[in-house]
Amino acid sequence: MTEPVITPELIQKHGLTPDEYRQVKEILGREPSYTELGIFSVMWSEHCSYKNTKPLLRTFPTKSSKILVGAGEENAGIIDIGDGLAIAFKVESHNHPSAVEPFQGAATGVGGIVRDIFTMGARPICAVNSLRFGEITNPEVRRLFSGVVAGIAHYGNCFGIPTIAGEVYFDKSYEGNPLVNVFCLGVLRHDQIARGAAKGIGNPVFYVGPATGRDGLAGAAFASQDLTDESAEQQRGAVQVGDPFMEKLVCEACLELLATDAVAGIQDMGAAGLTCSTCETAARAGTGIEIELSQVPQRGPNMTPYEIMLSESQERMLIIVKQGREAEVQRIFDKWDLPWARIGTVTDTGRMVVRNHGQIVADIPAKKIADESPVYQPEAREPDYLKQVRAFNLSQVPVTRNPLGNLQTLLAWPTIASKNWVYRQYDHMVRGNSVVCPGSDAAILRIKADCLPGSANETTTLKADKFIALSTDGNGVYVYLDPYEGGKIVVAEAARNLACSGAVPLGTTDNLNFGNPHNPELFWQLRESVRGLAEACRALDAPVTGGNCSLYNQNPSGPIDPTPTVVMVGQIEKPEHITTQWFKNEGDEVILLGEAADVGDPLFGLGGSAYLQCVLGQKTGTPPRCNLAVEKRLHETVLSLIRSGWVKSAHDCSEGGLAVTLTESCFSQMARETPRYLGAQIDLTAFSSIRLDALLFGETQSRIVISTTAAHAEQVMAAARGQGVPVARIGLVGGDSLRIATGDGALNCRVADLHDLWWNAIARAMK
Amino acid sequence: MNFAVLQFPGSNCDQDCVQVLRNVLGQSAHLRWHKEKSLGGADAVIVPGGFSYGDHLRTGAIARFSPVMQAVRTFAAQGGPVLGICNGFQILCEAGLLPGALVRNRSLQFRCEHVYLKTLTSDSPFTQGISGDQLLRVPVAHGEGCYFADAATLAQLNTNRQILWRYVNARGEADEHANPNGSLENIAGVCSEHRNVAGLMPHPERASEAILGSTDGRHIFESLIQWLTSRKAIQAA
Amino acid sequence: MKAKIIVTPKKAVVDPQGKTVQQALEQMGCQGIAAVHVGKYLEVELVGHDLPAARQQLEEACHRFLSNPVIEDYKLEIE
Amino acid sequence: MKAKIIVTPKKAVVDPQGKTVQQALEQMGCQGIAAVHVGKYLEVELVGHDLPAARQQLEEACHRFLSNPVIEDYKLEIE
């Protein structure tokens, strides 16, 4: 078998610059073999090496007393949740594969992140997804949208993990380049944390899972290129097919094996497959690793070393077993009828040595390739378009004459409309811990004894059940219009959703979805938004425990809106504090915490708003500001009110402003086709100095609408004032319609009609 | 009572059932691996939900050949109560322990949501003491829950009162809107001719704790426990 | 040897997938479509040459396992 | 006229379903099975007699949505 000669073209095709190639030769002290070239190419792709983003990622706050495994250390971060328990969580993107094959692309995205979690020794107990698509009116977008949702559903449902929260935005900038960010969270005891390190010289290295095929060749490199029409066609070979059934077996078998203490190290084969898992485990342990490719189970005939090393076949794990304990691995994997093979040994050479039928095909210092990739500080320049954005003012916008019509339009706007068309396809209740299902500000999950790794036949008990809350957010339009402020809002909104549900943040995982970093304007967006994200995470005590970068998100017509998404996880102290967004009882008082509008903002919160976009067709204007000190005070206040037992419902103001928040609070889902409607009589006449459109639809930050019994209303007012939070009684819950009185007249509509617009909008668009 | 909860490769509601039986209802419950040839002296068998064998080929088609299913067959033939939930229902139909089959949802999509169930007869170990007026609010979560049986079987099911539950709306009417999957006659669950084997698509184990929003599913388990208790009493006497 | 098995839904069983495909074809502009049925196709690659034995095995497998007689019909061909 | 379309997973792509069915067949005692592939079967009943037109339409449909060219191959026969 002859290998291709390494030419400058071949090097370029592998995405390595001439400079990087020089480094490769320096590290090796010779020319690389073809297999080695492939190995360097995937390991030094942006996806694996973060070579353009590393310096930025270092600016995130990553420490807290509760963080047990921090960002970048392992496959996922781990946070203490008390009583010896911990959670592991992370988000991952699968944007490019989903653009090419939406169903499998999204499905394997879920598979990958679930593996990242059980690799840590944790039992995966919930999933979250954050999605972006072009306009839903475009049939191609609908194909991608339904394919992605079906793919996530297929994988998560079959694996048996509740997909409990998510978000979906529709915007032209994502046409042809959808974003598919998936998140998984697992739970474990502190003493169950597993490490992805090849420890123990002489320990055998096992391969577990289905055979390696040619699927997904060099997916990591594919994720680190611009998506062009051609690449879609060419790269189709890069799409893998997922098998959630296999994943379920691999997960159960690995957790069972980890309980035996026979494992020295474990790592999933994700991006860059066998390559990444071998050199990273060796690098982490400061050891070497030697593998024999002929021992690797292979699906296709005549696979080359290059193909075996770079394949991204799914559902495979690398396990470093303690010498003498091999029989346990065999017993457990045979029990689950899973293929396994012993493929190598841990060495003391510090090198990753790959042999094929005895012959060396790669021999690379593991640490050098895993940890010492090139690092760049790309050039950054403020984009020109921002001048226009900043010049936008409201003199061009006539005050609305039809606020009810506007509200109805907003409710049916796919980005705001209910996402039940999506989440009803996800099993969001499997495992029996979904306390608050999709539909409220944050999802809430119970952690009880049987969530832990280990069989249900063992009887473990916990001191007390734990409750965690999850929210994912990422308004890309704000970030486009003001990366720094937008970045702050991404985090603030996630934290606000947690606060509304009664939770205190534990940590954040972020996914940076941006365009080509070599374009200075796009890199500026990235840099500025990271500044905002980092500042907000710091201010709101939600340190970053890990994340993922997906750059090169552009399609032939241009880059996507810069879209950092975050998933924030919080903890709820007591089950009594669990709060949902919908009104509970007739006669309760409705109270607004926060300013009715930011009068310091010349656009009163309308810049970048859903109202401007969907009613006026304009995606412009400086977005609302977020004062993090104010935001933090608001969260603390709402939490203390919740703990006092005074809060019946809490819902934050986000896209669509106060009017949409109030409307959504009138709906709660009981069962199929039978929602519960609870209207409200709202009086905003006290705010008649504010422009009507800004009052109803402005997206001024740091606002929450709560409801409370009439008996507690005065206490709530006093407590909020005492904390320095602006507060106003704005109405009463009751009746079957929502009536909002303003200085410019009242709008009034049956809740059932508003609900129908909001609930069925996406289903109608998908017909 | 002692419950055996079967565990096939790909089962994923097995632990949920064990947890509810043990911790909510105070019973003894154990997972039973599909390769086992006996049921370990269980008083009742739960065939739980999930995606046994990945739902490959057809839902439930492969699981029914598992060794443990032979034991279930014998157990059922001797009158032992067997309850199949979701994928468990599909497996029991495939195994011929229950009539009919479950096919792809009419919407061609997976559906996870709460539904209302009407109990049609209290004449079964699973519905004792559940009155027809008491609607049960229980979640469904499946892609292939559309119940089908040929006309003759359907007539027989009706005559023998083997239809245990139908999907209904909040007013108790079995209309088309209340049907999440297109099942014939809104059928959500049926029992065998001898009434000791039953299956349903909804998940009672997910509606057995107040914190999860409904405790209606508990009635089904409680009915079964009561039935077992009185049978034991009779046998002892 | 290779066995080809086609499993189709019985006529009495609603076939929403068939209906959906039919509609999609019509929307694409395909004309004159009376009906669409969607079933399964299985290909079994066999070693050995004992055709009658293979046929007997597979007939049984089709009947017991590869199709569900309540809802499906099958057709087996070996070549 | 009747069109028969067989859609099968590409050989290079994993076919988890085929693998599972193969194992199940083997466990049931079927012998000599080298591989199993599971695909889809579509039958389109057509009115009219314009075979070339029908073929062209269906070829396009096969390519555009009846099969997923990224991971599947198809075979179309009209009789």
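Letters A, B, C and D name the chains as they come in the text, with residue numbers starting at 1 for each one.
Please note the rule applied: contacts are C-beta pairs under 8 Å (C-beta built on N, C-alpha and C of every residue); 3 or more make two chains touch, one makes a residue touch a chain.
Only a predicted model underlies this, so the values are computations on that prediction, with no experimental measurement involved.
By number of C-beta pairs in contact, A-B leads over the other of A-B and B-D. Mean C-alpha positions place chain C and chain D at a centre distance of 10 Å. Mean C-alpha position of chain B lies 34 Å from that of chain D. Distance between chain B and chain C, defined via averaged C-alpha coordinates, is recorded as 29 Å. Touching of two or more other chains is recorded for residues 53-54, 56-57, 62, 65 of chain B. The multi-chain contact residues of chain C, meaning those touching 2 or more other chains, are 40, 65-66. Multi-chain contact residues, meaning those touching two or more other chains, occur in chain A at positions 243, 245-246, 337. With chains as nodes and touching pairs as edges, the resulting graph is of another kind, matching none of line, ring, star or complete. Note for the complex: chain B touches chain D at residues 53-54, 56-57, 62, 65. Only residues 16-17, 20-21, 24, 27-28, 38 of chain D touch chain B when the two sit together in their complex.
For chain D in complex with chain A, the residues that touch the partner chain are 9, 12-16, 19-20, 23, 68-71. Those residues of chain B lying in contact with chain C across their complex are 57-58, 61-62, 65, 93-94, 100-101, 103-108, 146, 148-151, 182. Here chain A touches chain B in the complex through residues 150, 153-154, 157-160, 243-246, 248-249, 336-337, 423-435, 446, 448, 450, 455-457, 575, 669-674, going by the rule given at the top.
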